[in-house]
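Presented sequentially are two complexes of chain A, the first with chain B as partner and the second with chain C.
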Partner chain A sequence: MKRRGIVLLAFAIAGVNLVPLWLVVKQALTPERESFAWPPTWVPHELTLSNFSGAAEAVPLAQGLGLSVGVAVATVISTLALSLPAAWLAARREEVGSRLDGVVVAARLFPTIAIAVPLAVIFVGLGLYNDSSGAGLWLAHTLLGVPFAFLILRAAFRGVPAELEDAAQLDGASPWMTFVRVSLPLVRPSLGAAAMLVFLVSWDEFAYALLLQVTHRTLPPLLFYLSAFGYPGLSSAVAVLMLVPAVVILLLLEPALRSGVLAGSGR
Partner chain B sequence: MRAWFLAVPLVVYLAVFLVFPVGEAVRLAFTDSVSGTFPSLESFRTIADDGLFWRALRVNLALPLLAVALELVAGLGLALLFAERLPARRLLRAAVLLPFALPEIVFLTILRSILTPRGYLSGALVGLGAQPVDLLAPGTFASFVSVALVDAWRTTPLVFLILLGALVAIPGEIGQAARVDGASAWRRFWHVTLPLLRPAIVAAVLLRGLDALRIFAAPLVLTGVEGMPVLSTYAFHQWSDYGDDGAAAAASVVLAVVCVLASVPLLRRRITA
Partner chain C sequence: MANARLRNVTKRYGDGVALDDFSLDIEDGEFVVVVGPSGCGKSTLLRLIAGLDPLSAGEVHIGGRRVDELSPQHRDVAMVFQSYALYPHMTVRRNVEFPLQMRGMSKRDRRVRAEEVAELLEIGALLDRKPAALSGGQRQRVALARALVREPALFLLDEPLSNLDARLRTNVRQHIRDVQRQLGVTTLYVTHDQTEAMTLGHRVVVLDHGCTQMVAPPLDAYARPANAFVAGFLGAPAMNLLPGTIESDALVLAGQRVELPDALRASIVAWGPAVTVGIRPEAFASAQGGGGGAFVVHADPATIEALGSETLLASDTGGRRVLIRVPGGVAADLPPFSAPVSSFHFFSPADGRRLGP
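After this line comes the complex of A and B, so read on.
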C-alpha cells in the first residue's frame, strides 16, 4: 500500500517535469493564434510547421543557427586545446594542479555580468563587438568551457598510470609521442564527454550572447526576443531547433553521467 | 623536465579574458562616464540614487536564500524517493533531470507562457473553477516567489544528483542496525541518514548558493529588467538601455564583491579539507 504510493508519487513528479517540454513542442507545432487561445489548449487542435518559416521571416534564423553552431564548435576546439596540456600537467604535478584548480574554480564562480560588461567595452575598442563571425563570443564562451574540460580531463589523466608513460619513454618514445600514442587514447571517452559538454555550454549560453552581439545573434537571444515581444509559437519553433542537439548530446552523455554518479557513490 | 610550459596557454588565456576584464570593470566603475575622470565615485553615486539598484540588491540577497532552500528540500525528497526500488527507474530519472537538461532559455520562456495571467496555469485554475492568477506582476511578492521557484525547479536536478550519490554511498548495514535497535523510520532519517548526508548537503548549498547569486536569465525572462531586478539584470539594464558603461560596471563590481564575500566559507573549507 505504502509502496504503491511511492511509485505513484515518482510517476506524478516525472509527469510534471515533462509539462514544459510538452508545451514547447505543442506551441511550436500549432498556429500562433492557438497559442493565444483562452482558455489555453493542452493538446494541439491544429498542426502546422508554419512557425518555423514564420520565425525565419521575423528574425535572421539561418544566420543565428550558423553562428550558434560555429561559435560552439570553435569553443570546443579552443577549450580542449587550452585544457588538455594543462589538465595532464595538473594530474602529474599535484602542486601545479592545486594552483590551477583555484584559478579555474574562480573562472567558474565569478559573476558573468562582471566579465561581460568590461569585455563588451574592450571588444568595442578591438572591433570584436558584434563580430559577424562571432569571434568575440567564441573567446568569451571558451572561458565558460575551460572549467568543465579541465576538471573532466584532469580526473581522466589521473586514471592513466604514470608507470605506463614512463615505460613508453624507457622504450625510447619522446614525451610528445608518449602523450599522443599512450595517454591520449586512454582518455578518449572523457575527451568526447568534455567536447560534447562544452558544445552544450556554448550552445545554451545566453548572457554573453545577449551582451556581446546585437545584430549577429545566436539562437538563445533570438528566442528571448521572440518570446519577450509576444510570439509564443515562433519562439517555441526556435526552442525546438535548440532542443535537437541538446537532447542528442544528452542521450550520448547519459552513460558517462551514470558512471560518473556511480563513481561518486563508490567512494 | 620543464613541463610547466604546458600550463602556459591556459594561464595566459585566463589572464587576458578573466583577470584583465575584471581589472577593466573596476577601472570603468571608478571612471566618470561623462567627463572620463579617474578615479571618480560618480558611477556609484548614479546607482546609489537609483531606487531600482537598491531593489536589485535586496532581491539579489534574498532570492538565493529562498531558491537554495527550495532546491534542498526538493532535491533531498527526490533523492530519498529514488533510493527506493522503483519500476522504470531510468526513465523516471531522465524525466526528473529534464528541466536541467533543457537549454535554460527554452525552459524559462515556456515557464513564462505557463505563469502569465493568460497562461497555462491560469487556464488550469479557471478549468478547476478558481480565479486566474498573475504570478509575474512587477514588484510583487508573488513574482519574487515565482522567480525563485522557477530557478529552483531548473536546478533541483543538480542537488538531487549530489544527494543521491551520497545517499546510495551510505552502507545499508547502518540503517539496518538502527532498525534492529528499534528506531522508527523518522528517527532513522533524522539521526542516521541526515548526519551522514551533511557533507554532501553543505557542498550542494555552497555550489548552488554561489550560482544563485549570479542569477540573470530567470528574472530577466520572467519579469523583464524592472519586474524583479537583480544586480546582473540591473547592470545589463544600465548598459543596454542607458549605454552607461560606468554604472553597469559599478553594479557588476558590487555583485562581484558580494560573490567573493560569499565564497570565503567555500575557500576556507577547501583549505581545511
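After this line comes the complex of A and C, so read on.
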C-alpha cells in the first residue's frame, strides 16, 4: 500500500516535469499553427523540421551553437583546473578550507546580473567584450563554475583517507604522482559530476551571455529573442537543441553518482 | 636493510608533547616492538620516522644517512598502516606492484617480484581481486606484501593486528615474525597489545605519554620491570601493585605482616618506609602449611574463571583487589594462596622507579 503511494508520487513528479518537456519537443517538431491549436493536441498531427531551419534563418543558430559548446567546454576545463588543487588543499588543510569557504560563499552572494554590468565595463577595457570566440564569457562562466566544482570536489577529497596519500608517498610516489595515481582516480565520479554540472552552468547561463556578448551570442539569448518576438515554434527548436546535452548528462551522471570507489581501502 | 638511529626525537602539538626526547638504536635486522597505551605517541613516532610529519626536534638516521630532512619517498622506509591504506581502485597485484612501479622497475620484473612476495604472504590466489573483495585478514597480508615487496631499509608497522579477530591475530602474529626473521628486514612495530610486545621482537620499548619507560628484551622487561608503569603494562593479567610499609623486620602489606627473609632484609629495609609492592598474579600458589616470608590471600569463589589450562581468581585483601593466576584447576574447597617475598618487585611510591636489583 505504502509502496504504491511512493510509486504514484514518483509518477506525479515525473509527470509535472515531463509534460512541459514533451510540449516543447512537440512544438519544435510541428508547424506553428498546431502550437496554438485549442484544445491543445498531445500527439503531433504533422511532423516537420521547418522550425529548425526557420530558427537558423532568423538568428545565427550555428554560430550560437558553436559558441555555446566552445564556451561550456572551455569553462569545464578551466574550472576543474582551478578547483582541483584548491579543493584538495582545502580538504587536507583545515585552515585553508575555512578561508576558501568564505571566498566561495561571497562569490555566490552577488546576483550575476548585478555583476554583469561592471564586468562588461571591465571587459570593454580589456578587449574581451563581445569577443568572437567568447573569451570574456568563458572567464565569467569560470567564475560561476568554480564554487560548484570546488564544493563538490572538496567533499570528494575529504572522503579520500589522507593515509592513502601517505602510503603512496612511502611507496615512492612524488606528490604529483600521488595526486595523479591515487587521489584523482578516487574522486573520479565526483570529478565527472562536477564537470557535467559546470557544463550545464555555462550552457544554461543567461545574464552574462546577454550582457557580455552582442553580435556573438550563445543559445540562451538567441532563444530569448525568438521567444520574446513571438516565435514559439522557432524558440522551441532552440530549446530542444539546448535540451540535448542536459538529457545526455542526466543519463551519464546517474551511475557516476551511485558508484562507491572507496570500498576496500581500510580494514 | 640497514640500522636506524633515533636521536632525541621530539614532537609537539601546540603545547602538548606527543613524543618527548625519544632515542633508540635499532640494529640491522633487528625487530623492535614499541608498546604503550592508546595515545602514548606510537603512531606519532612512526610518522616522524617515515617523514609524514615534521620533527619538532631531534635526528633520524637510517643506514648511516640522516633522513629527517628528506621527503617520505626518499627515505626508503615502508609502512603498514593501522587502516592498511590499500589503494581501493587497484587490484591486489597493482597494489603490490605500485612501489616497484614508482621506482621505475620494468613491467616484467615487477610481475615476477610481486608474485614472489605474494607467494611468501600466501595471497597468490587473490592477485586479481580488488581490496573490497578481500577479508580483513587478506587485506592485512596485502598491506604487508606491498610494504615488503621492495625490500625497504626500514619496515614500520602500526598496530597491524588490531583489526583482526583473536584467532586470526595469533596466526598472523607468528607469520609476521617468521617473515621478518626470514627476510632479515630491520623492523619497528608498534602495538598496544602486550602479547605482541612479549612475543614478536628482539627488544621491546615501553612508551607512556610520549616518554620511554624501558628498553629491553621482552623477557627481561617482564622479569625486572624498570618502573611501576612497565610492571603494570607487561604481563596479563596485570601485575598487582600494592602500597606497603617497611618496618624493622617485616613488610606490612594490605594489613598483613609479611616477614622478611634474612637474605633480603637489609636491602629492603633501606628502601622504606613506604614502598609500592608488585606481585605478579602468577607468583601465587596454593599455600602449603603457611609459614612466614609470604603474602597470603583468600580468593573469592565468585571470581573463579576456569580456563582449563589455568584458573584466574581475585581476592579482596585489605581493601585491595589482588589478581591470582594458577595453572590448571583449583580444589573445590579453595585453599589460601601465597606469594613469597622473593617474587616481589619493589617500586618507589614517589616516582614509580624500581628499587633494588
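To be clear about the criterion, the second predicted complex is superposed on the first by the 230 of 267 C-alpha atoms of A that agree within 3 Å, B and C clash if a C-alpha of one lies under 4 Å from a C-alpha of the other, contacts with A are read in each partner's own complex, and residues count from 1 in each chain.
Just so it is clear, a contact is a pair of C-beta atoms (placed from the backbone, for glycine too) under 8 Å apart; a residue touches a chain by one contact, two chains touch by 3 or more.
Computed from a prediction, not measured in an experiment: that's the story for all the values here.
Novice: With both complexes overlaid on chain A, does A:S227 touch chain B (first), chain C (second), both or neither?
Specialist: first
Novice: Who does A:V146 touch here: chain B (first), chain C (second), both, or neither?
Specialist: First partner only.
Novice: Determine, under the contact definition given at the top, whether A:V244 touches first (chain B), second (chain C), both, or neither.
Specialist: A:V244 sits against neither chain B nor chain C.
Novice: Determine, under the contact definition given at the top, whether A:L119 touches first (chain B), second (chain C), both, or neither.
Specialist: first
Novice: Quick check for you: in the superposed arrangement, does A:V182 touch first (chain B), second (chain C), both or neither?
Specialist: A:V182: touches chain C, not chain B.
Novice: Have a look at where A:V43 lands relative to chain B and chain C in the superposition and call it first, second, both or neither.
Specialist: Neither partner.
Novice: Please work out whether A:A62 is in contact with chain B alone, chain C alone, both, or neither, and reply first, second, both or neither.
Specialist: neither
Novice: Tell me which partner A:L170 touches in the superposition: chain B (first), chain C (second), both or neither.
Specialist: A:L170 contacts chain C only, not chain B.
Novice: Tell me which partner touches more residues of chain A in the superposed arrangement, chain B or chain C.
Specialist: Larger number of chain A residues touched: B.
Novice: For chain A, give the residues common to its interface with chain B and its interface with chain C.
Specialist: Residues common to the chain A contacts of chain C and of chain B are 261, 264-267, listed in rising order.
Novice: What residues of chain A sit close enough to touch chain C in their complex?
Specialist: By the definition above, chain A touches chain C via 161, 163-164, 166-174, 177, 181-182, 185-186, 261-267.
Novice: So in the complex, the part of chain C that touches chain A is made up of which residues?
Specialist: My answer: residues 47, 50-52, 71-73, 75, 77-79, 81, 83-89, 98-99, 102-103, 130-134, 136, 139, 146, 150, 163.
Novice: Which residues, counting only chain B, touch chain A once they are in their complex?
Specialist: So the residues of chain B in touch with chain A come to 1, 3-4, 6-7, 9-11, 13-14, 17-18, 20-22, 24-25, 28, 78, 81-82, 84, 86-87, 91-92, 94-96, 98-99, 101-107, 109-114, 118-120, 123, 126-127, 161, 164-166, 168-169, 210-211, 213-214, 216-217, 220-221, 224, 231-232, 235-236, 239-240, 245, 248-249, 251-253, 255-256, 259, 263.
Novice: Can you check the complex and tell me which residues of chain A touch chain B?
Specialist: Where chain A meets chain B, its residues are 3, 6-7, 9-11, 13-15, 17-21, 23-24, 27, 35-36, 38-40, 42, 81-83, 85-86, 88-90, 92-93, 96, 100, 103-104, 106-107, 109-115, 117-122, 139-140, 142-143, 146, 150, 175, 203-204, 206-207, 210-211, 220, 223-224, 227-228, 232, 235-236, 239, 242-243, 246-247, 250, 254, 261, 264-267.
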